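In the two assemblies presented below, chain A is common to both, partnered first by chain B and then by chain C.
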Partner chain A sequence: MANLNGNMYGLTILSPILDDPKIKISHDTALRMYLQNMHRHERSPFAKVAGTHICRLVVMDDVVYVGSPAKEEHLKSKYLIFNSNLYGGVDAYLEEMARKIPDVADDIWSHCVGYPGVTDPRAFAAYMKKCQIETTFFFADVNDKTVEQTLKALQTKVEFTAFVEENQGRSPAELQREFAAFWERMRKSPPPDGGAKELTKGQAARA
Partner chain B sequence: MTNINGKAYAMNAVTPMKAWKTPILRILFFLLGAIKSKQQDLINLSFIHFARWVIVKRNQFPRLAPEQPEEQLHYDYLLFFSNFNGTWNQYIDAFSAVLSTGLNMIWRWSEKFPGSVPVTAFKRYIALVQFDTDYYYTAYPYATTNDVKAAIRVDDRLQAFANDSAGLSPDEFQQAYLKLLVKVQADIGALGPAPMGT
Partner chain C sequence: MVKLNLFDIQGFVARGYSFPCACYLLAEILDYKAGREFVGRVTEQVTSAERWEQGKPPSTLNIGFTWTGFRKLGLPDATLLSFPDEFYQGMSSRNRILGDVGKNDPANWEPVWKEDIHLWLAVYAQTADELAKRSDEMGRLMQETGGARLLYTQQASAIYIDGKPTSKEHFGYTDGFGNPDYEGVERDTVPGQGKLMPDGKWAPLATGEFILGYPDEARELPACPVPYLLGINGTYMVYRKLHENVASFRKYLDEKGKQYPGGKEKLAAKFVGRWLDGTPLELSPDRPDPDLVRDPSRNTNFTYRHDSDGARCPLGSHIRRANPRDAFGFNGELINRRRIMRRGLPYGEYTPADQPASDEDEHGIIFMALGASLYRQFEFMQQQWIEYGNDARLGNDKDPLAACHSAGSDKFVVQGTDDPRNTPFVCSGLPNFVETRGGEYFFLPSLTALRLIADGAVDPR
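Right, the complex of A and B next:
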């Protein structure tokens, strides 16, 4: 199936945006304003949806006219594109969105045609899948790690770099003792927050 | 517009294709997926976290209510989404220089595609068909694809080292530790700042 690459799933959803000429601020503009102000880092709603490696939301106003002799044509609806590179199964992921970020899902998809709400997570997932377009070709450079495993590995890289710097010239016994303490600290520390702007050394020590 | 988050750039592009051409492109994508060696240049570039191409047939745009007007399109559309590291210019230059044959194979079916070489016309075409991202999230904005791959290698080696070094004498431990450093030396180091530029 072209949506899959290893354990990664390439989800592509096009939800038609409501068109109501009677309202003062159109739905696509209201959506853009909302998305502009949504948190992008550790307070991002998508940091709460565990499978999300990378995702985006895009208001697609129209198709593109590339010039003569191509025919010029236009879409009759605008579409909200939701594109997620996620680890694991798509049904569980969409239902998790309904459970973990119900207010945000409502704020976004209530601007779209036929949106059923999030009260029933399965109905939300079914709605999203009605808007899904199968990915034709999906490339994932790393395709076998969860978000948590990836974050933890990045933390290990940063902390171990600091460990190497700080423990140059130690005697064998001191080095062995320090490494044991370091490894125990790493083992016990939680993964860094998803979406955080920076990853600095010492986070594991403070955890 | 939010195309950039840390070290990741979100690119979106849409190009029209005559409907009779899309089955050919589907076959090419099927072969690209089935023959892994054909993806090697993309893997070797190592600055794309994820990328995808999506063919939307002219009658495939979701219509969820009778009051939603039905699309009446002449063309099918090829959507392209990429999550890459670096700047837009670096990306397009690298694509043009390293993957020109593959890119031409994919986009030659799109209307008025000028070819990926020379790069000037290619850049002009991409700028025309690109549209901006409204919201962009990445779980690790400070990390490039190479950072992620290096981190996984370091983590794997450290896990193995922690297991294998249990019970060694201090002198044996130091020898094993030095061997570990030789193995991971290319993969450790600071993550560094995001690139500046366009």
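Right, the complex of A and C next:
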């Protein structure tokens, strides 16, 4: 199963982009413009879809044969590539996309051939899976943790480093007391929001 | 066995002179004809790597060129286009790779670095008088030929303590250990230098890591400009003026040294991986050992295989970053192509430890490094090992001492043990101890190549 690395699923979807010579701005151009203006990191719409570790959207015009002798060959259409490293089942993930970010899904995939819309999340998921290809040579930097666990671990690392720095040199009794309080604070704090480029100290305290 | 042509290689390339004082002249070539005449006249005096049978000369002279200098001297386009990108771009254009950002941004460098620097002359001398004499002579030669204009003079000198030259730098560390040995040098390999062999012994690195025209560690000849004769026996040089914030360093050490159970002196040692006197922490983690420092068969003869958690020498300490030896596994093979040959001297007045220091005073290090590939060796080391920590599994932590720190948010972790005098410790809020004040990439041609340049006979066909 090349789509799986540990518990991480590597989703690759190639959706053919509509080709309509009658419209003023072609679908691939419109899509490029939309994607280039999309928010990233914590403001990325995909941060709202639980299970997204990282994802990426690319417009592929064509592929070029690299080799000798040179050969001219073309794809049947332009494609939108959607890559996502996700935790959990693919169906549930895609359906959640339709529920959590329906406008974004519409804005993107309405430029693609055969797009059924998001009103029926299961139909959306079925459509996406129809365009799925196998992810080969799939590398995942974290392959055994949920997004929440990963965020929490990163947060704990940042907060613990700060804790050590602030409390080093204290007596064992003080240290134990401070650590118990720290532990409790960390335990209670919700994981930070997804998408952040870098986690900084104090996010847990604020959360 | 590699046989170096010592009459052709510049002396500065082949070895460190260990003279107490130096003067680096930065100049602009005014006219390509007169410029070539100037280069020819200098070449007559350039110190080669031949052995000093009669003892050390009173002074030495060496020369290097920037890419724009070569262009100004009229080297053919085909030759100019055959130099590597980083040499063509120059150091200030590579600032994002090198971490020269913020306060260290080239926009904040000394004014001379915004001028068109074409050549670098290095005079080393035994005495200040000899130094002045030789430097003045270069100034006169510029005027006489009308080929060059002096832009800047950088004096440098070993720090004198009790009237004797030392190998200290301004923070108080003993510097200058561990230049890599390479094949062709007429001396026995010093254990701990060169490359680590599978049997645990040390062997010299391939000559081509440091001088063009000889096989390198990949058993290939290093990329060389055309014609080959222009490149062979020459090499690239990094020149950086690194200002040292001595007051900030001392203040930070005083503050953190009070909290660190091992004390201030040990914390200073943890920063670098050597005690102030040069004793390697790896060999003597609890105290400086003067006998060890004096013994060249021991003072750089160590590996990190028994210290993988950094309890003796921290994973992020300066020497472990700059030369990780076997720290990344594979018996050290990953690092053999990332070594540099260091040269350099301090500049400015030394403030003894018991006198009040300042950040503003003009003092620091002229850091120079030689290598066959600026990109593969110096730039990689600077970007990945000094300004970043991932290879050492330290995330984005940087070299505590040598890196450019971002607004006091960087930290340095001292790994430790259960021993109450060697507990783990986090140094946070690192200020910039070192600031880049300028720098450039130069090519130091062979004597033959210098004559070709002077004669206008560089022919790439």
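Structural remarks
Rule of thumb we're sticking to: the second predicted complex is superposed on the first by the 199 of 207 C-alpha atoms of A that agree within 3 Å, B and C clash if a C-alpha of one lies under 4 Å from a C-alpha of the other, contacts with A are read in each partner's own complex, and residues count from 1 in each chain.
We adopt the following convention: a contact is a pair of C-beta atoms (placed from the backbone, for glycine too) under 8 Å apart; a residue touches a chain by one contact, two chains touch by 3 or more.
These figures come from a predicted structure and were not determined experimentally.
Judged by the touch definition given at the top, the superposed model places A:Gln168 against chain C, while chain B stays out of reach. In the superposition on chain A, A:Asp103 contacts neither chain B nor chain C.
In the superposed model, A:Thr12 makes contact with chain B only, not with chain C. A simple residue count on chain A separates chain B from chain C, and the partner touching more is B.
In the overlay built on the shared chain, the residue A:Leu151 is in contact with chain B alone; chain C does not reach it. In the superposed pair of complexes, A:Gly114 makes contact with chain B only, with no contact to chain C.
Once the two complexes are overlaid on the shared chain, A:Asp20 sits clear of chain B and of chain C alike.
The interface of chain A with chain B overlaps its interface with chain C at residues 161, 164.
Touching chain A in their complex are the following residues of chain B: 2, 5-6, 8, 10, 12, 14-16, 25-26, 29, 32-33, 39, 42-43, 46, 48-56, 60-65, 68-75, 77, 79, 81, 83, 110-112, 125, 128-129, 131-143, 145, 147-152, 154-155, 158, 162, 165, 168, 170-171, 173-174, 177, 181, 184, 187-191.
Partner chain C is touched in their complex by these residues of chain A: 161, 164-165, 168-169.
Those residues of chain A that touch chain B in the complex are listed here as 2, 8, 10, 12, 14-16, 31-32, 35-36, 38, 40-41, 44, 46-47, 52-61, 63-64, 66-67, 70-71, 73, 75-77, 79, 81, 83, 85, 113-114, 130-131, 133-142, 145, 147, 150-154, 156-158, 160-161, 164, 171-173, 175-176, 179, 183, 194-199. Considering their complex, residues 259, 261, 411, 413, 423-426, 428 of chain C touch chain A.
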